[in-house]
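The structure follows.
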Amino acid sequence: MDRHFQHELESLKTILIKMGSIVEENITNALQALLDRNESLAQKVFENEVRINTLELEIDNAIIDLLALQQPVASDLRFIIAAQKINNDLERIGDHAVNIAESDLNLLKMKPLDTLLELPKMVVTTKIMLRSALDSFILLDPKMAQIVLETDDQIDNLNRSMTTEVIEMLRADKRSIECGLELIRISRNLERVADIATNIAEDVIFHTQARVVKHHAEEVKNQN
Amino acid sequence: MDNYRFHFRKFTSLFMFTLCGVSVLIALVPLVLIFYRTVAFGFSAINWDFFTQMPKPVGESGGGLANAIVGTMILVGLGSCMSLPVGIMAGIYLAEYGDNWFGQSVRFLTDVLNGIPSIVTGVVAYTVVVLPMKHFSAYAGGVALGILMIPTITRTTEEILRTVPHSLREAALALGIPRWKTSLQIVLRTAMSGVVTGILLAVARAAGETAPLLFTALNNRFWNTSMNQPMASLTVFIYNYAVSPFDDWIAQAWAGTFVLMTLILLLSLTVRLATRNKFAGNLL
Amino acid sequence: MVGHLLVRPLYFLQIMESIITAQHTFKASKGRLINPGDLIFKNLTRFFAALILVLVVLMAYEMIRTSALSWNKFGFNFFIRSVWDPVQDEYGALPFIYGTLVSSLLSIVIAVPLSLGIAVFLTEVAPRWLERPVSFFVEMLAGIPSIVYGVWGFFVMVPWLRSTVEPFISKHLGFIPLFRGAPYGVGMLAAGIILSIMILPIIASISRDVLKAVPRSQTEAALALGSTRWQATRIALAYSRSGIFGAVILGLGRAIGETMAVTMVIGNRPTISASLFEPGYTMASVLANEFTEATSEMYISALVEIALTLFIITIIINSFARLLMWSVTSNERAQKA
Amino acid sequence: MRDYPGTRQTLIDIDTIPEKGKGVPVDHNKIVAENVSAFFGKVQAIRDIQISIPENSIVAIIGPSGCGKSTFLRSINRMHELVHGTRITGKILLDGEDVYSIDPVLIRKKIGMVFQKPNPFPTMSIFDNVAAGLRMGGTHDRKNIAEIVERSLQQAALWNEVKDSLSKSGVGLSGGQQQRLCIARALAVNPEVILMDEPASALDPIATAKIEELLFELKKRYTIVIVTHNMQQAARVSDYTAFFYMGELIEYDVTKKIFTAPSMKQTEDYVTGRFG
Amino acid sequence: MRDYPGTRQTLIDIDTIPEKGKGVPVDHNKIVAENVSAFFGKVQAIRDIQISIPENSIVAIIGPSGCGKSTFLRSINRMHELVHGTRITGKILLDGEDVYSIDPVLIRKKIGMVFQKPNPFPTMSIFDNVAAGLRMGGTHDRKNIAEIVERSLQQAALWNEVKDSLSKSGVGLSGGQQQRLCIARALAVNPEVILMDEPASALDPIATAKIEELLFELKKRYTIVIVTHNMQQAARVSDYTAFFYMGELIEYDVTKKIFTAPSMKQTEDYVTGRFG
Amino acid sequence: MDRHFQHELESLKTILIKMGSIVEENITNALQALLDRNESLAQKVFENEVRINTLELEIDNAIIDLLALQQPVASDLRFIIAAQKINNDLERIGDHAVNIAESDLNLLKMKPLDTLLELPKMVVTTKIMLRSALDSFILLDPKMAQIVLETDDQIDNLNRSMTTEVIEMLRADKRSIECGLELIRISRNLERVADIATNIAEDVIFHTQARVVKHHAEEVKNQN
């Protein structure tokens, strides 16, 4: 039977995807602003953040309404719970994009750097992870989500080496302490974005397979 | 102890149900006997003449009860003409509007009327029709049967209309159908088979009545279709012949009994079978 | 066929509807609007309902008017005198009243247990293949006209009572005054038996319907408590007791007014006797036997007074039944509120 | 009276999100009840009900048993007065006109009703059931009737299931189908408002879901007032919810509000099941 | 058969969190149905039902109308055989003993039943209603009966409401009270299992909530099997849920599982309302 | 009426409070470890983190079960939604405690610092905020929650001055780059903890007053 409720779930999904694409755009812009040394791109991030926040509130409201009015169960409920988490996660990614844009603005005030070290690599990987996580949600593809989980280690490694490299850079050139701090901040933020993309992938797995993978929950359970 | 109690309960159960079965057997005995007698005695006395010939004078054998058969039809017809409109309309009133003191009173009086022995109805018809006219007549018989039929038709109509769920009326009214159309085209139509059943049973009952005709339509040994004259009826004929001392007449009484029973049973059974016992409970 | 008769008045109403154009609206007394067709239809049916009321009142009036002569002469003594002498124009109705009461009570005593047995058998015991034909036969009994019972009773039952049953009973139970006396065959016992056969299908089939109307959940509730089938049946009987009582009252009413069958088997002798074997007379049978012969005005008046008495008894019985039903239902209503 | 921001369409309408909360303005209050009280003899069943029902919306009435939901519903199309000894005070306006100043037959054509138990006319075929209101209302044009019957059955989402058995009896259908038949029957006389008194309480969950879906379709053309014992149902289908208690209207608001953050303590207790 | 981790107590039990999922082991399967099929004449209403009902738990049976829920329930206490022309195959074990090898009167004492519509015996007082089963069972000791009646009414959470009107008729109570009276009546004969066929479907939400609360109390002492059309009710009250469809048992699992992550597509479709 | 469901809500609340106290303890330990230079306290943070993660999963599960089985509405639903968010928030605070503990371990390997700059102040304020947020949840006191919202600015200021001071410190003493980075990391983490405490306060306001204060939602709405 084609139910009205399902249309509401569909539109929830659509708007979540929309939010996802804005967030992705924000991440992209935040990094592109640095690469292109383009301040207006960074400004755009702040503008979009307002939209993201509004969307987050709307989606939160919609979810509460769905829960209050439709009494969802089983896969519907799991979808809504997943949507709620993803919403929250996207908003956090949005915050990290803003953090990066702030660092951008600080960096743009300083003299250009010769190298961004591991950052471009991190950016590419993070974006792929985020995109894959969102795609796995759209396509309800737990396999794709699984891949996201596995990619997280790469980012962690990149972040670690980034920190070491920046420290070395700072040792070499005392003047760029602020600059180095900003680079580390960007790297950390990217690492968090990747973490959050991982969370989204976990939620997708929960929604599609009714399996909790967060904190390696299954192993935790089995150990106890 | 508990075991004993349990077996005692089981035994009581079995015993009581056996008694019930025995009741059925006892009740069936007279039915079988009556059928047997009527068929055995009546069927042999029946021939074509019985339906087509007039009664023969005392002493002559043969003849039939043609005039009585026709007379019964006329009398029942007269009764129906009187009772149908009153009975059905009053029944509709009681079912559709009757929840007030007036309806209560009418319902009560209808029940009273229904319970009045048929002989009393005859007495009333006698005082109302026979006494003023100074002679017995088919009219008087018709009035007596009519009075007899009214409560049956009224109450069966009412009861059957009441079996139509209230929700059906509300459904119709909510469609913007006026109430009177609702009553006629929804309620009455839904219950039509029941109403007709009620009428037919009232007719069957009237056709089998003897007492109210004894001193209203009286009897008539001759062919008569005038309403103003005494009129023969099957039942009165049977009575008169049965208590007579002549074997020939007694045989004819059995034959009449047989015909009457066949007629009435066929009538009511067809109706009952057609309506599958749906309304049987309300019709007695 | 008869349905046709029905359609006529309806057709008439349809024509009437087209006469009333639905646009006109009538103000009802409370200031709310009422549909005009409804107003006409309601009053039309009310008119016919009123006819019934008029009819009953008229009947009572007629009987009171005609019996006035007798009432004026005998007063209340009419009901406690045993004389019945058309030659002297001396009338008393006591033997008839006695005969009526005894014969109908006897019939109730015989018919009620049997009827309940049948009703229980039909609702609780009989498998479906048996239930149908048995109810069918019971209802057949109800359809047989009373004259047929009379004829059968007169020719078959009475001789059998006379030759077999009554001698047997008086031999073994003769010490009880009820069963003393010569076996005439005709008499109270015959009347009681024939009446019980006649009212049995009425009581049985109404009781069956009432029992059938007991919600299944009632018996199931009892069974689910671990009751036996019979105990569950008792629950059902208790549930439907007022309906069954109504059926019995209805049967009693029938028995009191039954004429032809009784007339043919009761012996028609206006005496009061303790023995059931003795002939008797009932109010209905005296009317049946003597009305046509009644010539004097006083004779007719006395007979009409007997009819009036029957009429009044009927009203009392009906009122009683109604009062009973009313108290039961209003009790339930009060409890529900 | 309060004015309502508009009917719920979907929970999130992507393009109008920033404007959410304003939505479609209420063009029109289809039904306005002013100080309506209803009595059964001396018993007062409802007390001073004041409510406005916007056009093309679904309004649910909830409340504990005996709180007067049905009574209020039935006073809208004047079915209340069919019970003996009843009385109504106050005004009920349909498009601004007092229903008690119009012939009830006309009012009931404009305000259809669907009942708790499906009640098709048992002697009529499916077709005749739907046509009944038309025919008895005086329409006898065959083609016209056939068209309306088809359209009504389609609106009631029943056409596909019965189109090959229109001449069969309506009582042969399943409970849910019967109820949709009753809805089609009500639609055939072209009402503006449809009142429903627990229309799904006699149905199983699947049939109930179908009826609920149907409601979303119907409200595009009709104004619907539904009484329900099932709070979840009220939550699922309605745009506005009215909470009745002891014959009074305690709270009337957008359904979302009633079920996420009601203003009155009594409402809160009732919807969360803390009542009684 | 599957073995179940134990009955649900509260959702989170602080002290046992790490051990969650092991919980109390199932001591005992109170009822075991093995390959039960039931027929009405030639119609097969249920097919090869295989189910184990753990002691002191609430098992809900859900499924679309006509799927055989009631039939299965009624075959447990042999009420099914009261309908003419019925037949049952397979085994139903109560504590390991086949109920079809014992006198039904004894079985029904051990397996009580509560019906959809409250059905107190109308000719009896409240007291007599509760005492009915005892008396019919042959207990006539007054003091004993009075004690049992009080205890049963207390267990059914009705004692406080009726203790001053024990001699009044049971039909004077409200619907919800009547249903609790029926529960007390069933408890009085000291059953081990209680079967309930939609016990709250005729009640309003408040009365329903009371009955549901009562169930939580009752399951401490009894094993309860409840048929319900109301999926939310099944979710709220039961420990295990069985989903029937077309006479077959599609899925039987811990209630949480059925309502958050059912294994079978059909179950999922049914509980989410996508069915049909 | 006393409902079974309410007991379940109560136990949800109890366990959430329990989780809150463990998280609070972790934050305290993470900072105390630094102040006391006590490595075992830092180790304890890691141990507790496992418990926190388990609790988070349990609570999440319980919430899904409540939503699936009890169809909560109105204040019950708002409570559950708030609980879900607070659960998530507490877990995040737990993560930040771990981050701080990691920094602790790094710092403990280096030579002791003469000053922890603004950190002690931040620690005190953050702990007060967290405690108040949790208390406002326990007591359902929106006023207390409101105060938490207002305190957030102090932390932001402390964090900002902390960064500046660290940069100055780094300029003065090149050897302690790693040390400085760790201090900044701890400060950032504390700032995030304060943010999250603010979130909790927002959720409490949502639950008690059915009012969304996140992202200044009301102003956002009014502006549009």
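The first chain written gets the first letter, and so on, giving A, B, C, D, E and F; residue counts start at 1 in each chain.
Just so it is clear, contacts are C-beta pairs under 8 Å (C-beta built on N, C-alpha and C of every residue); 3 or more make two chains touch, one makes a residue touch a chain.
Since we're looking at a predicted model, the values are computed, not measured.
Asks: State which chains count as neighbours of chain E and simultaneously of chain F.
Replies: Touching chain E as well as chain F, we find A, D.
Asks: Where the contacts of chain A and chain E overlap, which chains show up?
Replies: Chains touching both chain A and chain E: D, F.
Asks: Counting C-beta pairs in contact, does C-E beat B-E or the other way around?
Replies: C-E
Asks: Rounded to a whole Å, what is the gap between the Cα centroids of chain B and chain D?
Replies: Here chain B and chain D have centroids separated by 49 Å.
Asks: Express in whole angstrom the distance between the two chain centres, defined as the mean CA positions of chain B and chain F.
Replies: Whole-Å distance between the two chain centres: 92.
Asks: For chain D versus chain E, what separation do you get between their C-alpha means, in angstrom?
Replies: 35
Asks: Could you give the separation in Å between the centres of chain C and chain F, each centre being the mean of its C-alpha atoms?
Replies: Chain centroid spacing, chain C to chain F, equals 89 Å.
Asks: Would you mind listing the residues of chain F that make contact with two or more other chains?
Replies: Counting only residues that touch two or more other chains, chain F contributes 1, 3, 5, 54, 64, 68, 71-74, 77-78, 224.
Asks: What positions in chain C touch 2 or more of the other chains?
Replies: 22, 35, 228, 231
Asks: Residues touching two or more other chains, restricted to chain B: which are they?
Replies: Answer for chain B, listing residues that touch two or more other chains: 9-10, 178, 181, 192.
Asks: By the document's touch rule, what are all the touching chain pairs in this structure?
Replies: A-D, A-E, A-F, B-C, B-D, B-E, C-D, C-E, D-E, D-F, E-F
Asks: Under the touch definition given earlier, write down the residues of chain E that touch chain C in their complex.
Replies: 77, 79, 82, 84-85, 105-106, 108-109, 112-113, 115-117, 119, 121-124, 132-133, 136-137, 168-169, 171-172, 182, 185-186, 189
Asks: Using the touch rule from the top, collect the residues of chain A that touch chain E in their complex.
Replies: Touching chain E: residues 1, 3, 5-6, 71-78, 210, 221, 224 of chain A.
Asks: Hey, which residues of chain C end up touching chain B in the complex?
Replies: Residues 2-3, 5-6, 9-10, 13, 17, 22, 35, 37-38, 40-42, 44-53, 55-56, 58-59, 62-63, 65-66, 113-118, 120-122, 124-125, 134-152, 154-156, 197, 200-202, 204-206, 208-210, 212, 228-231, 233, 250, 253, 256-260, 264, 284, 287-288, 291-292, 303-304, 307, 310-311, 314-315, 317-319, 322 of chain C touch chain B in their complex.
Asks: Once bound in the complex, which stretches of chain B touch chain C?
Replies: Per the touch definition, chain B meets chain C at residues 9-10, 12-13, 16-17, 19-24, 26-28, 30-31, 33-34, 37-38, 80, 84-86, 88-90, 92-94, 96-98, 102-103, 105-106, 108-113, 115-124, 126-128, 131, 147, 150-151, 154, 178-181, 183-184, 188, 192, 195-196, 199-200, 203-204, 207-211, 214-215, 218, 235, 238-239, 242-243, 250, 253-254, 257, 260-261, 264-265, 268-269, 272, 277, 280-281, 284.
Asks: Okay, in this complex, where on chain D does chain A touch?
Replies: 10-14, 17-18, 20, 206, 209-210, 212-213, 216, 232, 235-236, 255-256, 259-260
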